[in-house]
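Across the two complexes that follow, chain A remains constant while its partner is chain B and subsequently chain C.
Our next item is the complex of A and B:
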């Protein structure tokens, strides 16, 4: 009797839904597994001998250097903004998030455009001052250039995560340290760094994953990484086996990274001890120090946003009448809708899984929560290939069913947008889930339990207590996913239905075809929409910390 | 907030279904009025789907790696003349090919357009194309620019030439691709990475003409003479010639044309400072390649697809299609643009372009072996 009750407790709508979603996410991973353990062929030996070491070292160098530099910039900015008062602080507070609106691949071709021989810097020097410069100092299309691009366009992840941590968690600690007479530098190194460890590691792992999965920057700069090698092996050599072997290797790297993250974060859980948080009171800086702080923020802001934005704007003016046609508005519509719909689905799925793994503590729930994260470790290329194979099979099956009943098929999934959306959901579920899960983590279980004690059902509690309490996290997750999809390249390029073009694919195709100024209009719209989203994201997190 | 949020969710889910409807019917829906169709679709989807099947005769579905604005104008012109709607997926040529392969019999694509004969030959080798019988096409497109079994057809033509600095190089110093491996060109040669199909096809053609051994030596020789590690596209190589990083670059003709016709005055200046040299005129001829079109093996609208190729090979379309990317038309009746004519006539490599596909894998391996990045 008790056993039945236990099973009944385990099998419920949450468990069933969560399991279903997990199965969909696991499909590509299983496909990788199947090919990973297949017998190696001649191509694979060739790759192993000539390429593997190169792509492994390129990928690791990019990841490590970007990780270190973004940490240095992101944490220092977060620290300055949260604990000090200096001119323009309120502007920088959100302006420093803005670079997130510029997809790294757009940043890459913009900077190449600024710096190359016909770019604005060199042509001004040449035409106005008759100065010829050594080309190698202006060369950005190499691994150092890629690190620069990733650093300036990805540091906002680190900045946002550590800033919100410092704002929410550290006020009493910092104030106590101040009272005990610690100076700023001491406080930063002896207190801030150690207590923000979890936040920093979280930020590094997001940034590392973005770098690993990047397709646009490394392809444009011609740097061999896992992602370009996977595409080249699959599409160039028509060798799915070897491509999936590379993908499998990459997944091992990523899973190690995620394990490291869990390990390094340790068991520390910071959840609210009260439902009120006290904000830090920022300290006023002396005049010269304040200038320094503003100057530092301004340099980063110019490099990471203002300069590329201005260049794109100039290009847009140059090509505007050729590019912005009626069709162009179709691109905006496509990009917007596909991102919005996918983000809504991801958020719904994310809430369901996060709620399940939170309430039901068993091993199964734990496994589900871990598996959800796997989606992010699967390279975009692999998701694209897997999803395509799965939908071909599905369409063929449906076709045979319809033929049996002598009906015309009602829908061909591959020519609909469903295939693309499925791929987005698998790819970006982790982004939304993480945000929602951390929201749930913060409120803890006590409010839910109180509600249940008062006789409200799980589902009632879910709608009346849980969702309203984490609505900030839900909306935050929605925005992060929305921006990610707006910028997404490999999945969109491979799985697009007929006559379906997005801003990102259009911008990339122009840039990759060496028509950089033509790519500017689409790029600016992406930046504009993402910029607005980021502004809202900022407003929400502000509101969250004022509460 | 709670209620608003779920209201929003519901609205978006509904619009999802509307969008799906709109896209499945994109074969028959006129592209200009997707809204109208989608609302019809949701109200009576069954009826509409059957209609869609019946009207299928009026479409042709295209996978293309070309994406020039002039192309779209041509598609519209084709629709105007024949009433056949053109549906397009634009993407990377290689990736679209694999997509077609994965889709196999289930594919909706009728036509495949991609750059480089090497790619088209691979497409045929994978059994993804079918032979086309059409007098019009055979008359319009010369034999050497189409497949032996008429499974693919070149629609535009480009040469892979030596672009040299007018200041520092006397064209009399230039002769062949092979001569660029000589010691006098040490640290002076610019060429892009081996990942690129244009280089793979060039090497593939040298494997055919000179043999594998000599081709490998050539690749090694170019690597030894490179002015810098390969980076950027063909345009970047041309700019690097003007910037003085090297003295000669190997690039496709249309990149020079594109710089000359650019909106940016700085680009135009670049084009004015370089010369175009057609190599191997005394020997095997300049490497030419095409971008071409094939009817897919499992095409559902074969007649429309053939009509589309006939249209593309017509003099009128040829001129616009080739000029869209500063390329040479394949139809001998069609005129090339003024700039291309100013470079004069040249002798082309006389090889079966199919070979480029056959030699592709070997070419990639040679590049990796000699360390051509």
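Our next item is the complex of A and C:
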């Protein structure tokens, strides 16, 4: 009886729309699965025999080393900032997040430009001091270099996650440890690391997904990974089947990673207790220790932001009159256009799904909520080839229909921007959805319930109460998606229509053609906009936590 | 009988035991009922069932001879005309007092809405506050706005979930006397749930004890009052 009523209540516009969106999100994953078990061709057998092991080991080494190093840097910085008071702490607190504004591939070509034979370091040494250096010490175009680049530009994820975890811990944990007579280093290893385990593992898995997804760094440095191999087999050899096999194998790696995350995290989730806690009050460090702490933060900040930023700025100054032309403004327009459209679609879809999963609790809603967030764990290149093959099939179908009526097709998807936007939506829905969902979680259900008992329907309530109340979270989700798309490279590379470039793909093309200074202007715009958004977000979350 | 609740049973999906069972209650038009029970005894759940925010496993509810829920019928909350004043008031933070109170008045003309608003503001004595936002009001004022908002559409049944738990003691006494007057003045049939005997005695025509998910003893407020010191409250305050 109650079951029938519950089912009746579940079938509504929200459920139908949400299910449709979910189907679109699931399509790439299902397509990859289908191809993965299909009969292999010769090319794939060749790849399997000669390349796969290399690809796999490169990917694993990059993931593991980046994971370890970002943990070391991110957690130690978060710990210093939350527990101690030292000069410039308040500046570093947010400045250390700033490297997130620099996409790793931009960092990669910038550092190569700084360190190579004609770069600023070697030419200064040569011209001012007459020193010739051994090239091999300055070569970062290798796996070690890639690990360095990933580490300095991705550690902020770890820093942000562990910092907000530690900020929500009670000061009594550390006070007790101090009373029990541990020194700082001991407290770090015996208390901070173990209690932050779940947060750290969450951070590691985000960073590992970023490493797996990367195309720009490994391509520029000439390292074979799954993504470069997908580009080669498909863009180079037009072998979609093998590209799908590679994608499938990569998805196995991703799934193993997510399983690892689930088990390593255990039952402890890093949810913060909502009750009032006494926050950790930063302790003043002695003079020499304080200098050390400031110095450490300064080194990381310089390496991960100031130095590459300054270099890019110099390059821009050198070349901007050549670069900043009508075409350049076209790039900005393109980037903003696709990012804005996709972000708008994402927040609309995100609001609908989040509202559905919130109001109608039940297994189906829970499944939908879980599926919504898988997009982000599928690498951009994998989504790209799936979306492409779907739209090619759609085009062929439409073509045959139009031919039947002896007409020209009205639209060809595979050369249109629709394909690119669809792929963005699938990949970045997670980001928008998470922001909106946490907005809904904060306000709870009571306002919606109050509205309904006042006689307003679910739809009316949605527009009058639900949406206005989470508009901050919606806006936040929009901004996060927007900057993610602005920085996006592999998916855009594979799906951008002919002669359509974004700031990111243009910068990468220039850099790959050894025109690094030309790449600088486009890169700086990306960094500038992302940087402003990051600053803005830091201020908001700062305010939120003070309340 | 105006409100008829028969054999209501409810169990949360996750739990193994029914929170509400064999719950039956009849209420006359204009009567004020108080359901008294310990915290966790299922008081809020009963109100949610009446308002349509949860679906009972079995049992039926009808108001003014209209069935709002039984084994093959379920009227959603927005169609029930059951008002509720939540424990935390749930005033819409992005709307002024005026817009909060007008929120439930959809079928009226603009002039009617304005009249009703003025009437309500006068009733709860908040005429000077209509342009304020909820966070610019004191706890007692917020409570009165919540009452005005719930009363404005003239619900056939008005529910209160621990209406005084967020107020200072001296405000509690003042407001609960006002509340009884307003409810009697508007002849509004109401149920309010509380764990506080004092509140129950001061407000209700009839007090119901909630035990193990169903109705235990039923008392006249005077009976409860005469058995303990509540008497002083009641006599001192209202007679």
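Operating definition for what follows: the second predicted complex is superposed on the first by the 409 of 547 C-alpha atoms of A that agree within 3 Å, B and C clash if a C-alpha of one lies under 4 Å from a C-alpha of the other, contacts with A are read in each partner's own complex, and residues count from 1 in each chain.
Here is the rule we go by: a contact is a pair of C-beta atoms (placed from the backbone, for glycine too) under 8 Å apart; a residue touches a chain by one contact, two chains touch by 3 or more.
Predicted, not measured: the structure shown is a model, and the values here were computed from it.
*Asks:* So, A:292: does it touch chain B (first), chain C (second), both, or neither?
*Replies:* In the superposition, A:292 contacts neither chain B nor chain C.
*Asks:* One more residue to check, A:447. First (chain B), second (chain C), both or neither?
*Replies:* Once the two structures are laid over each other on A, A:447 reaches chain C alone.
*Asks:* Who does A:337 touch here: chain B (first), chain C (second), both, or neither?
*Replies:* A:337: touches chain B, not chain C.
*Asks:* Counting touched residues of chain A, say whether chain B or chain C comes out ahead.
*Replies:* B
*Asks:* Give one of first, second, both or neither to describe whether A:457 is in contact with chain B, with chain C, with both, or with none.
*Replies:* After superposing on A, A:457 lies in contact with chain C but is clear of chain B.
*Asks:* Which partner does A:416 reach: the first (chain B), the second (chain C), both, or neither?
*Replies:* first
*Asks:* If we overlay the two complexes on their shared chain A, which of chain B and chain C does A:116 touch? Say first, second, both or neither.
*Replies:* It touches chain B, and chain C stays clear.
*Asks:* Counting only touches as set out at the top, which of chain B and chain C does A:468 meet: first, second, both, neither?
*Replies:* In the superposed model, A:468 contacts both chain B and chain C.
*Asks:* Could you give the residue numbers on chain A that contact chain B in one complex and chain C in the other?
*Replies:* In the superposed arrangement, which is not itself an observed complex, chain A uses residues 464, 468 for both chain B and chain C.
*Asks:* Taking the touch rule as given, give the residues of chain A at its contact with chain C in the complex, in rising order.
*Replies:* Its residues touching chain C are 1-2, 5-6, 8-9, 446-447, 449-458, 464-465, 468-469.
*Asks:* Looking at the complex, which residues from chain A come into contact with chain B?
*Replies:* So the residues of chain A touching chain B come out as 46, 50-51, 112, 116-118, 122-123, 132, 135-136, 139, 141-142, 221-222, 224, 228, 231-232, 234-238, 318-319, 322, 327, 337, 340-341, 344, 348, 385, 388-389, 392, 395-396, 399, 408, 410-412, 414-418, 421, 463-464, 467-468, 471, 474, 493-494, 496-501, 505, 509, 513-515, 517.
*Asks:* In their shared complex, at which residues does chain C touch chain A?
*Replies:* 51-53, 55-58, 71-72, 74, 76-84, 86, 88, 90, 92-94, 103-104, 106, 149-150, 153
*Asks:* Okay, in this complex, where on chain B does chain A touch?
*Replies:* Chain B residues touching chain A: 1-2, 5, 8-9, 12-13, 15-16, 19-20, 23-24, 26-27, 31, 45-46, 49-50, 53, 61, 67, 69, 72, 87-92, 94-95, 97-99, 101-106, 108, 122, 126, 192-193, 195, 228-236, 239-240, 242-245, 255, 258, 263-264, 266-267, 269-270, 361, 364-365, 368-369, 373.
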